[in-house]
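Quick one: structure below, then a few questions.
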Amino acid sequence: MKKVVKNATEAIKGLENGMTLMLGGFGLCGIPENCISALVKAGQKNLTCISNNAGVDGFGIGLMLEQRQVKKMISSYVGENAEFERQLLSGELEVELTPQGTLAEKCRAGGAGIPAFFTATGYGTEVAEGKETREINGRMYVLEEALTADFALVKAWKGDTMGNLIFKGTARNFNPMMARAGKITVAEVEELVEPGELDPNHIHVPGIYVQRIFKGTDYEKRIEQRTVSK
Amino acid sequence: MKKVVKNATEAIKGLENGMTLMLGGFGLCGIPENCISALVKAGQKNLTCISNNAGVDGFGIGLMLEQRQVKKMISSYVGENAEFERQLLSGELEVELTPQGTLAEKCRAGGAGIPAFFTATGYGTEVAEGKETREINGRMYVLEEALTADFALVKAWKGDTMGNLIFKGTARNFNPMMARAGKITVAEVEELVEPGELDPNHIHVPGIYVQRIFKGTDYEKRIEQRTVSK
Amino acid sequence: MLDKNQIAQRIAKELQDGYYVNLGIGIPTLVANYIPEGIDVTLQSENGLLGMGSFPTEENVDADLINAGKQTVTMLPGSSLFSSAESFEMIRGGHVDLTVLGAMEVAENGDIANWKIPGKMVKGMGGAMDLVAGTDNIIVAMMHTNRAGASKLLKACSLPLTGKNCITKVVTNLGYLTIENGAFILRELAPGVTIEDVKAATEGKLIVADDVKEMEF
Amino acid sequence: MLDKNQIAQRIAKELQDGYYVNLGIGIPTLVANYIPEGIDVTLQSENGLLGMGSFPTEENVDADLINAGKQTVTMLPGSSLFSSAESFEMIRGGHVDLTVLGAMEVAENGDIANWKIPGKMVKGMGGAMDLVAGTDNIIVAMMHTNRAGASKLLKACSLPLTGKNCITKVVTNLGYLTIENGAFILRELAPGVTIEDVKAATEGKLIVADDVKEMEF
């Protein structure tokens, strides 16, 4: 059971052109910075990226967009990125906008062996177009299908060599569900510890979901809206 | 925001004949002992109880069965209770057997606003009889509906006065999902602390789901299979 | 006429002790500044935080602790942290007592449009569709008319919908209105605003409540 | 002929390094005693524990730490605890590498029956239906015939099913068989057992593999 790899480059081995990826994070909070850097360096193309947001110009998934690596984004909000807008308008990039809760649930379902579920979210809107709808107990619902990915790239605070993960603050966000929905899940962590150092009762993602893990380096953790009070 | 009540008797106020209850626990591990005692004392009848198991003779839900309080059980395994068997065979008690994972997911769905979901579990068995089935991506699935309850009675290890809960060991089991699926969720805890004493990152059930909380007393924590090694 | 802060202030009067509340970006965020004395309210941030506190001091800024508007925030005693899936279990499951959000258009049948303008760059709906589908009690906070002076309270929304038949309360710069049985009911007038002002600014069916009164703060 | 411990021992040879394994009650539980040297296996208990250790010493018995058979257990370094919903996400989502469970009947098409005998008290399926639907790699551990001497490897199950077309491997007291294309393939014979013995005890279609051999331990 050797899950520990040396670095991001080794962790994304086998990640090929045309694959579907999940990338954890909300805005720039909790994104897999090291894996994104390795992807930009490796240069895979035609990727479908499932991520709540699309980064900003010059950081996060924005870096992949600049290298024209992304064919399609599945996201709930993409409004912080001028390069994204340019590629979308020019037709280079495809986007599938999904309500944030539905996106989270679709990822969760993908890891949980639930191929499809009903939700009231989006009923009567263009999100429901082409999808099955039905009345259940007097209310209308939309049938949504699960998402899975060839690679899920997640970022955790602490992890152990068996792949158990703990997140910090709101950097948890989409990471836990995506970790469960990847055929190969790569976790980059700030602290990599030995089995037994994490309290079994505090683990957010059990190691069974994680295939590769490494200690990330040089986290920038860029802040989008630095708001302070006195 | 006054969630703290004095004891189990106060906590189950409004729990009436004919209601549907969820009771946390797996076997006798993590069951709401205080609430069950209060229910036996209060004597409500014709209850529908959603619980993975049905207790044993003389303990847990077994105590409610002895008082003929239960009309129907929705469970995955009920094999440890002779009184249960007697009432079932005599027609006094109804039982709806549900696969354990489907039961857990139905409770989770009930709290999560998912009215129905597809699962492969039970396809081709009598569990699927009368239910919609369909092929998704080449595999057959069964449509299962969510469960909710008038009262969810759960047992946690620690809780704070805002209703945040932390469980211990495998006493977590069905408690978190049931806590989310009760119209009124009652949590009994071994230790009741002030807000801020529980680490926000360790909380298993956020207080938003819990309407009433109290410090339980006299936990017996009976063990069904005391297995030891030397 | 109300300014943005006064709109927030009026909405804050709807808060009840013990409420769990999700505040959208813009005017809704300002509601947090006017929570009445003695009322205990817990703020939910859909990126995974219940019990959101104020902005941090410079020394306490933490890149790993932001709100749904991507602003740095703090926690309070009793806060809890969770995943996005859990966050929307709360929202979709109806556990949030009140959602306050902005809108581009609201219709007399309770439809809301607030995420997309055809021909303009689409940013995405974020969590808005889940919030309007999941919460029973929703207050829309917005200006009564758009910059071109056109009504935002319409017979039918012209923009792509965020949700159908879900809005029951609207607070604008002109007043407080409820939506019932296919009409806007004018309940309260902002100081200095007349019934005629509201009529002129409302395209949808408008009914003036018998007991319409001036708004109190 | 194998005894229960030898059945478990043969199954343990199927374990691979890094496997996450769910062991059912009965013979399957015994597999844990025969995990080969150098093979690191993590045991999943569906009531909410990954990384199950041995039984506790008398002093370490904890009523809050049991396995799916309701027995007191221990944790190991690297264990994790979780809810029943999470546990079955693992199982249903195909994250468990191997499930070993007992059966009353297995059919040549891979159907399994192991939870209900009409006319007898029903105890319930517990997690068995989820395990057989969720795991690709399932080994059934059982006696080849029942107490009355009737075959348990059948053309079609007579008892209510636990799952359809899901079993691919069966280890019995007589041998090791796979299920492929609607037939039992005899791969290994237990010591002292002949092909004729297996044929006589198997009601379903039986094919003897060209390279059938005596089982090694």
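Order as written gives the chain letters A, B, C and D; numbering starts at 1 within each chain.
Basically, a residue touches a chain if its C-beta (ideal position, glycine included) is under 8 Å from a C-beta of that chain, and two chains touch if they have at least 3 such contacts.
Predicted model, so just to flag it, every value in this text is computed and none were measured.
Novice: Which chains, if any, touch chain A and chain C both?
Specialist: Joint contacts, listed by label: B.
Novice: Decide which interface, B-D or A-D, involves more C-beta pairs in contact, and give its chain pair.
Specialist: B-D
Novice: Among the chains, which is located farthest from chain D on the basis of C-alpha centroids?
Specialist: Between chain D and the rest, the longest centre separation is with C.
Novice: Let me have the rounded angstrom distance from the C-alpha centre of chain C over to the C-alpha centre of chain D, please.
Specialist: Each chain's C-alpha centroid was found; their separation is 55 Å.
Novice: Counting only Cα atoms for the centres, state how far chain A is from chain D in Å.
Specialist: Between these chains, centre-to-centre, one finds 35 Å.
Novice: Using CA atom averages as chain centres, what separation in Å is found between chain B and chain D?
Specialist: Roughly 29 Å, centre to centre.
Novice: Quick one: report the Å distance separating chain A from chain B, using the average Cα coordinate of each chain.
Specialist: The answer is 33 Å.
Novice: When you check chain C against every other chain, which residues touch at least two of them?
Specialist: 81-82, 88, 91-92, 134 - these are the residues of chain C that touch more than one other chain.
Novice: Using the touch definition from the top, which residues of chain A touch two or more other chains?
Specialist: As it turns out, chain A has residues touching two or more other chains at 105, 108, 112-114, 119-120, 167-169, 201.
Novice: With touch defined as at the top, which chains are paired up in contact here?
Specialist: A-B, A-C, A-D, B-C, B-D
Novice: Could you list, by residue number, the parts of chain D that touch chain A in their complex?
Specialist: Residue list for chain D touching chain A: 17-18, 20, 40, 42, 44, 50-51, 75-82, 86, 88-96, 134.
Novice: Touching residues of chain D toward chain B in the complex: what are they?
Specialist: 45-49, 54-58, 61-73, 81-85, 87-88, 91-92, 111, 121-130, 133-134, 160-165
Novice: Give every residue of chain A touching chain D within the complex, in rising order.
Specialist: 1-2, 108, 110-114, 160-162, 164, 180, 194-196, 200-201, 203, 206-209
Novice: Touching chain C in the complex: which residues of chain A?
Specialist: Listed in rising order, the residues are 26-30, 52, 75-79, 85, 88-89, 95, 97, 99-105, 107-108, 119-127, 157, 167-177, 204, 221-230.
Novice: Which residues, counting only chain A, touch chain B once they are in their complex?
Specialist: 105, 109, 112-120, 136-137, 139, 141, 145, 166-169, 201-202
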